[in-house]
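A short write-up of the structure that comes next.
Letters are used for the chains, namely A, B and C, taken in the order the chains are written, and counting of residues starts over at 1 for each.
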Amino acid sequence: MSASIVLPGDPIPLESLIDFSSSEAEPTIQLGPGTLHIPPSTVVPIRAGALMTSSSKSATTTTIYIDTPTGRYTPAIHDVVIGTVTSRFGDLEKAYYRISLPSCTSPQGILSASAFANAASRKTRPNLAPGTVIYARISATSLALGEPELECFDEKTGKEAGFGELKGGMVADISVGLARRLLLLSSSSSFQDTQKMSVVDILGQSLAFEIAVGRNGRIWINSDNCATTVAVIRAIQETEDLPYLEMQEHVAKILKQMRK
Amino acid sequence: MAQTSLKPTANVILPPTTPLASASFLFRADGSASWQVGNAHLIASVSGPMEVSKRDEQPTVATLEVTVRPDIGVSSTREQFLQEQIRKAITPVVVLDLHPRTLIQIVVQIVEAGENKTHNRIALSAAINATYLALLDAGIPLRSTISACTIIYVSSPDSNTSQIAIINPDKRQLEKNSDRIASVHTIAYELKGGQIERVLLSESSGQFTQDQLFECYDLAAKVCAESNGVLREVVTKSVGKHNAWRE
Amino acid sequence: MARDLKPTLIENTFVLKALTENVRLDNRSFSQMRNLDISFSSTEYGAVDVHLGRTRVIVRISAEVTQPRSDRPYDGLFVISTEISPMAAPTFEAGRKSEEELVISRIIEKSIRQSQALDTESLCILAGEKCWLVRADVHFLDHDGGLLDAGCLAVSAALLHYRRPEISIVGSGDARQVVVHPPTEKVPVPLSVLHVPVCVTFSFFNMKLAQSSLTAATSTTAATTPAKENDEIDMDTDDTDETAVLVDASLQEELLRHGFMSVTSNINKEICQIYKAGQLAVEIETLLSCSEAATAVAEKVTKLIRRRLKEDEVARNVGNVLEEARAENDRLVADEGVIQDMNND
């Protein structure tokens, strides 16, 4: 975990990060976020942050990336985001929604009215008013076009899978880094070996609530009463930069205040 | 270029303190930084990349918008000048083509100018340093690091000896020597891995010789290498803070 | 530009619903202000840095000698500049005044300049010829609601902190000249501040409206009811209990409120101005209770400003330099007990 912290332009010692000698196949380097390739063989960081490597795909492929805690979210395909409907355009047959994405480098996304699970007929298509909050997945991005395309169904099954309009509850903004961390901790088992739990898991032990995390630094929380929802939002927002033990203490404090 | 550490000599007066910098303290802006040197105190904020107005949109690159706001009174040619110089210094380092058709909005607020309103001696280098740190904090893609400093040359009281260089002068030094200032130099260097790469900005006024300018570049290289260390410290601290949860 | 400041439908519903359960999003009570911190520059006079929660404002006071207006030869000039830069929030455009900005600058103007907080007659140097122009430059650095309240108290605090250069008039008749002495020559003098106005903004939420939007939200047509219709509903209510009154609203609350009122008052319980433009109608009782609450806040804030000023003076006065340079040195020592008593209460 003790990753070295690099600034833009710092040399990345590829030799010490990747084992070029032992493997039979030629090792492959994948360049992740925050890195720039300068031909022929130089890789430099373009953001300040912790220099990280991961080799999840196969043993011969190593991804190098810079873990930057701050800054905006750059849309990438398959990421889940939480956005707000700002307007509707197109005709009845081919209707689209313009979705605003907070903390995103492309502030607007496009969602086709037929990109929903039950969008086969016009009748079953959802009718979304401006201001509606939606949970969606990025289906296409392009540097040339700029605006990412969104979809509100699971592309593997064609089912709704929780995507679509978020009804009730409350949205709140968190940092893009924290959003990534929450999604990572919920999907992977990276924390299990250390017996540590994410703030969401700790809250889940004593409170009942629903949560959706958007990669663009927005969360949605729903529960039976407002006090619980407010406590969950505060706990997530206020413990971002705390070490594990302090985080536990702070969550306990917020829960105590809530029950008063 | 030799990069030994700075030592005061008979002809070089070092600032009493190292620059004081901090980052990530504004909540609305994507990135923020403050830079204090001499009596100058500046705050820079960066927002973006975000939606750009149709008028300023550029098809292949991001648009940089720099606004400098004075501590006292309304914006004048002095702020216009600062804006242009900041833009000139940072443009070669920002990777603009990664976010085409977006806006990167930079605002520099002079909190305390640290000098008379009519001059730009110390504010420019502090503004470049603050702006760069704010860009880093906002996660804007950058090719390398920038450090800037200001050096003034004053004629010594006894006219026999050569001129004295004062690095990043404070208000008292500027006022005391106001009628003996021979030349003022603001120099911004690009650094990679803490090593000087090239000059990004060299803004000089007054009377000086070519040799003196080269001597000044060497001196500035040492000062910038030092303030680059300050930059690294701030970033390490702020990245460390965001990684505290791992502990 | 990031124009997504418009709150979402579920935020609107939730904030109102939470208020019916007496919950604010940052766990404050309805009448509780956020943390307020005031600090002064250690090098310059009249430079103050105010944090109100996450909102941050700095103010710089400056003075120069100029000519008085011909219709007011005995008055000096006092200008407050409140331009909001995109630093506070990307939604503010540089060089273009938004409506919000206009309201803020107008209320600060009314609160401080028109309430004669600064005695402009004391800024007169030579009637009709020379006077001081005092400038307050308000810089909003971070916007999380309450720009007006933070800006107003920052100007008040900065005026108290500022010291203008001492002047003397040399020569006589037409050859009279004003000489401005640098601080190294003569000790700068404080401005004549007559009172300390503090502005408190109350945000109103119509709970009847909240109820109706809540019932609407549970039905499926909620999404199709645009927020705009809500504004057009006749907002006068007979029962004051139906209006929730919040002190020091956060940005989110500001964006969702149905109306607001700003009351500026001072420690002497004098109301300097009340601003209540349009939107939700309020009962006279609400107005009175708000005014009372505003004076209580003003007292607390004024005491904090005085305390910080005192701390600053002690910090500056290392080695007793200022005391020695002062002409009224002896008298001040005699009065010290009285001054301390005033600061203690």
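A few notes on this one:
By our rule, a residue touches a chain if its C-beta (ideal position, glycine included) is under 8 Å from a C-beta of that chain, and two chains touch if they have at least 3 such contacts.
Owing to the predicted nature of the structure, the values given are computational and were not obtained by experimental measurement.
Any chain touching chain B that also touches chain C appears here: A. Centroid analysis (C-alpha atoms only) places A farthest from chain C. The distance from the centre of chain B to the centre of chain C, each centre being the mean of the chain's C-alpha atoms, comes to 33 Å.
Chain B has its Cα centroid 34 Å from the Cα centroid of chain A.
Mean C-alpha position of chain A lies 39 Å from that of chain C. In chain C, 2-3 are the positions where the chain touches two or more neighbouring chains simultaneously. Each of residues 48, 50-51 in chain B touches at least two other chains. The set of chain A residues that touch two or more partner chains comprises 107. By the touch criterion stated above, chain C contacts chain A in their complex at residues 2-4, 6-14, 17-18, 21, 23-27, 217, 223-227. Those residues of chain A whose C-beta lies close enough to touch chain C in the complex are 84, 86, 100, 102, 107, 127-133, 165-171, 220, 225-227, 229-230, 233-234, 257.
Of all the residues in chain B, the ones that touch chain C in their complex are 26-29, 39, 43, 45, 47-48, 50-53, 67, 69-74, 103, 105, 107, 109, 111-112, 171.
Considering their complex, residues 1, 5, 7-11, 34, 36, 44, 46-50, 67-72, 74, 103, 105-108, 143, 146, 177, 181, 239-244, 247 of chain A touch chain B. Within the complex, the chain C residues that touch chain B are 1-3, 41, 43-44, 47, 54, 56, 58, 60, 62, 81, 85-90, 94, 135, 137, 139, 141-144.
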